[in-house]
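Letters are used for the chains, namely A, B, C and D, taken in the order the chains are written, and counting of residues starts over at 1 for each.
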Amino acid sequence: METLNNRPPVYYSEYLQLDTLLNAQAPESAKEGIRADDEMLFVIIHQSYELWFKQILHELTIIRNIFLQPELPNNSPDIYNVVHKLKRVCTILELLVDQLGIMETMTPLDFLDFRDLLRPASGFQSIQFKIIEATLGLTYENRYGKEYYLSQLNEKDIERVKQAEKEESLIVLLNKWLERMPFCQEVAYWNKDHSASSGAHPFWEAYRAAYAKGLLPMEQHNLKTFDQLFIHENEYPEERRLSSLASRNAFFIMLYRDYPLLQLPYELLNTLLEIDELMSMWRHRHIHMVERTIGKRVGTGGSTGAGYLKAAADSHYVFKEISELTSFLLPRHELPPLPEALIKDLSYSK
Amino acid sequence: METLNNRPPVYYSEYLQLDTLLNAQAPESAKEGIRADDEMLFVIIHQSYELWFKQILHELTIIRNIFLQPELPNNSPDIYNVVHKLKRVCTILELLVDQLGIMETMTPLDFLDFRDLLRPASGFQSIQFKIIEATLGLTYENRYGKEYYLSQLNEKDIERVKQAEKEESLIVLLNKWLERMPFCQEVAYWNKDHSASSGAHPFWEAYRAAYAKGLLPMEQHNLKTFDQLFIHENEYPEERRLSSLASRNAFFIMLYRDYPLLQLPYELLNTLLEIDELMSMWRHRHIHMVERTIGKRVGTGGSTGAGYLKAAADSHYVFKEISELTSFLLPRHELPPLPEALIKDLSYSK
Amino acid sequence: METLNNRPPVYYSEYLQLDTLLNAQAPESAKEGIRADDEMLFVIIHQSYELWFKQILHELTIIRNIFLQPELPNNSPDIYNVVHKLKRVCTILELLVDQLGIMETMTPLDFLDFRDLLRPASGFQSIQFKIIEATLGLTYENRYGKEYYLSQLNEKDIERVKQAEKEESLIVLLNKWLERMPFCQEVAYWNKDHSASSGAHPFWEAYRAAYAKGLLPMEQHNLKTFDQLFIHENEYPEERRLSSLASRNAFFIMLYRDYPLLQLPYELLNTLLEIDELMSMWRHRHIHMVERTIGKRVGTGGSTGAGYLKAAADSHYVFKEISELTSFLLPRHELPPLPEALIKDLSYSK
Amino acid sequence: METLNNRPPVYYSEYLQLDTLLNAQAPESAKEGIRADDEMLFVIIHQSYELWFKQILHELTIIRNIFLQPELPNNSPDIYNVVHKLKRVCTILELLVDQLGIMETMTPLDFLDFRDLLRPASGFQSIQFKIIEATLGLTYENRYGKEYYLSQLNEKDIERVKQAEKEESLIVLLNKWLERMPFCQEVAYWNKDHSASSGAHPFWEAYRAAYAKGLLPMEQHNLKTFDQLFIHENEYPEERRLSSLASRNAFFIMLYRDYPLLQLPYELLNTLLEIDELMSMWRHRHIHMVERTIGKRVGTGGSTGAGYLKAAADSHYVFKEISELTSFLLPRHELPPLPEALIKDLSYSK
């Protein structure tokens, strides 16, 4: 720290590069000599979004690096930090949803003052947003409106998104981490106390029995899905992002989150669902804003803006395989009890 | 005021009837001797919603009474008060959207502790919410899931909603108010300065010409809709809630909202769109909450909760005929100028 | 518009200068090779604040230009636009208050990773924030901590703030605009229907009588203040920013805001109070954030951060002379009625 | 669960006792035949606050019961549940702060329509709010405005608050829980690897040395306070709510929160600070609302409303002894390393 004392003094505006930052707004209307007071708002709100997108990517990169370790030691702060950072991403996303309220102070007439000057630019061209989606786990195949993506971005930007899609995304890394979890599947815990009539794992067999008992007549089809996911490994649906093993362990975490070792993993899963939800909220509120501002006219980028957003809002859930597991939960008092040895390993050492 | 001084002193808890209010929570789990700590939250948040629904209905009733007057004197505070009260309704709705965040602190496992005890009750049975929808203008015909409505409510409640549907709703009253507006249609303003080649109103003919010029090739179909709405009265779509005359006047307000007399009417229209948007936001966030809490299982009321909410979110826009007018707006500098006499009548007297 | 069609196509990232914007983050820790993951957040949140400060200044400049006109025609959209823009400023300020919640996700330990590297920079050095304060109307004399201002800013920045303090601030322009309002003071309205026993203006005499009657014994000192403000012009407190005439007209607006011509002026006054409130909320939440992050240690800028903010929060109300007028309001049913001629002039022409 | 199937069906409005709840609003103005449209808002918003206060007390009671156990097994979900519930309390408090925005839609003139009818009732008489304060740990001695409390409440209500003050409050229970924490103080961990020259505990001696090195000249007085708190037990300030041992353990948690066993305890402390902050935010926003609505007139309860709230906002921090510990934190890389045996006991068993 001593050497630090010899550093030159830091000045707020230089540290933040405000000369650069606050001179980077160039409304098109000014170039044309047209008065359009609200174009500044339009520029600044988009720039603010992009700054926050950079921050989200910064956090996601750190999180990915944590998960890229071959093993996450249980006794490190890694998962705690991941949860903390994901919650921060949620806090940022909440702000970004609210921030649309500022855009909504721009009336349609005020937008028309400069709207035609922006063609064919469009928010669809935000590369950082696409990289965020890809980093979470949205694939090219699952993207709604792939054709826009190829037609509206320039070569370099298409390349950047494609590169992001090639990296191991958060859901892929999560899958690997879930697969490494030893508890529920490890045969050693179960052999002594449990015996399964069929070849099935004794835990899942017991769980299935309890689950089947509680279903309403109109819910019987849930049991079939349950079996596909948890009982008959060979029927496990191919198209799923999470493997059979990862799904089971995710579900196990949701069920036994009361044990110390599973508390943070549960928070982790829960926070991922919150990110999906907030991304969806952002899209929905964005739709409203677009509909109020441009109605049903074609967006500056040539798409029917609201239509694209709506389809994306409905189909871009990255972690929905986790949220859907909720359907199979049982009340705590009906949960199969765990073997003593397993309970011990789910606990603090002291 | 003198007599007021002889009133007995008011005491906070009596004024608010807290003895009644704070003893009106009776969790079902307590009756069964089951421990379910979060049922209290479940009861209280729903009660809080219902209190706010009562307040929204209180405001809507005052607003309807203002519009029920045979004429709204321009020089009264009536429209100012209507706008003020609608904005308050928006502020309340914003809170109600945020309030779902409290519900989301209840995890699926914690909900399962008491969920089965509530069957077949469901939030669908909130009569006040249905009356709010009806008061704004949602008709029985336009309701998604009419069948639930008849099957899930008791006789008395069906009767209450039907009664509300019979009253003149806000959109009906708005339509009448818009029809009474003299400015744009009144021939006297236009005869001298304008002459229409066809039989069409000179204002709309001029506007059509300007609008047609600005359309992109891919937007040409907009012109056909424009003509149906503003030019060929006999082609005006039958199913619309707003009459041809009311639509024209609403659009005129949106275009010339810079004139004093139209400023508050514009705020009024804009605030109605905000209510639609907030109701939709409430439904969407509600969907997320339901999906996270019960997954894809059948809701306590027997519906697939999220599915109902989603369809309602997409179809229950009461004022969408107004928001869609945005598609036909022109930039201010392309607007047809108004006759002097009309400008004068759109102004303050001094 | 035709020429617009020949413009080169606009591309999102170029329009927003994202290459510049997203390369303007240079954490000090990176320069020193120290790992401090949260410094990026620290940089980005401050940059986001500065972007929004630029937008607020953009709006305030437009507002000041409107008020700088020698006369504001009643029939222009000027006041409507001012109110709209001030409400937008409020919406932005609300976001800036909430945005502190993102900063609060940085824990004290995480801040310590890079805190010493920032000395002696401090948020106190935000020139744009000081210019916002000056533009609203905070004077050098009323600034808490003038000494910091001279010691912590560089020459150029001191010059910029001083320049802003020299301009006619919003409160000065508001004062002039209020003084030009004809209604309440104009003798012509009052002579016929009212006669004042003393030399006082008949309206204020009548109002005083009604006000005196409603005061509680413990509130009698309010009457003395009332007289200073509204009755005895020669006793009008010298230190006030609003002149006697402006105060009266502001109060008249608050009382008779139900008349059309006063509705927007009332909204204007009310929104200014909201800005004061939001600036104060921002300071208070800022205090909490600082206290949680650095405790009672000296801030990077050498001040005891929280202490400065607290004093500023309590003393930097620009429009408090307006909010204090609330003390003198009477219920509507006790208000003196207005002369017919005045009522007519407070109305729309038709 | 089988018996549950025989339960009578639950109906939404009966479950929530809506007949009772929605008939418990009796505006005074209605009784007097005075039209005061906004009194309903006034009643409903206060009732909504009281419902949420009941929920907060419900959560605090469960939390207190957890802490009232003679020992909190490390391997139970107890602390996890406490943190979850405290975060819910924060979510509720955030809503209550925002909810004031609805009250602010009531203008001063509209409040005056019914204000005199409420005398001498006042929000100060909310017993539940006082019980929340007492449950967190505010004592009678530390209450600002004790005299109001005795003069404005009726006998029964004074009794209820006094009863709440007699219970072991959250801060008292927290103190006991912190004192029971074995890690930092337990001599066994330290003897082998560390030796203290003085009689002082080797950990605190090492920490003091590192802390002293980093202080700026103007911060030297911090060292004296440090010694009082952590080194010289006999100088430990008498008036503190946390014992010397509890303070040390709280600080130890803040420093080494990266170890698994301390992660949740850290979240716990942090959430308590957030509750203090939100209570303070609530008071500050409340002050603004009161000032805007009644100005400097005496409140309905006879106090100068804003003055009371301000003093309470500044002095009613229950957990400030914890937040002040932040002043003594060191950057992670300067923290004394922990003995291996201690690290093991701060970890999961596997």
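Note that in this section a residue touches a chain if its C-beta (ideal position, glycine included) is under 8 Å from a C-beta of that chain, and two chains touch if they have at least 3 such contacts.
Just so it is clear, the model here is predicted, and its values are computed rather than measured.
Judged by shared residue numbers over all numbers used at their interface, chain A and chain D contact each other through mostly the same positions, with over half in common. Across the two candidate interfaces, B-D and A-B, the one carrying more C-beta contacts is B-D. Our note on geometry: chain A versus chain B, Cα centroid distance of 32 Å, whole angstroms.
Between chain B and chain D the centroid-to-centroid distance comes to 39 Å (mean Cα coordinates, whole Å). For chain C, the set of residues touching two or more other chains reads 1, 116, 214, 257.
Those residues of chain C that touch chain A in the complex are listed here as 1, 4, 7, 9-13, 15-18, 20-22, 24-26, 28, 32, 37, 40-41, 43-48, 50-52, 54-55, 58, 62, 84, 87-88, 91-92, 95, 98-99, 101-102, 105, 116-128, 154, 157. Residues 1, 74-77, 80, 214, 257-261, 263-264, 334, 343-350 of chain C touch chain B in their complex. Residue ranges of chain A in contact with chain B, taken from their complex: 107-109, 112-113, 115-116, 214, 216, 218-219, 222, 254-255, 257, 270, 273, 277, 280-281, 284-285, 288, 291-298, 302, 323-332.
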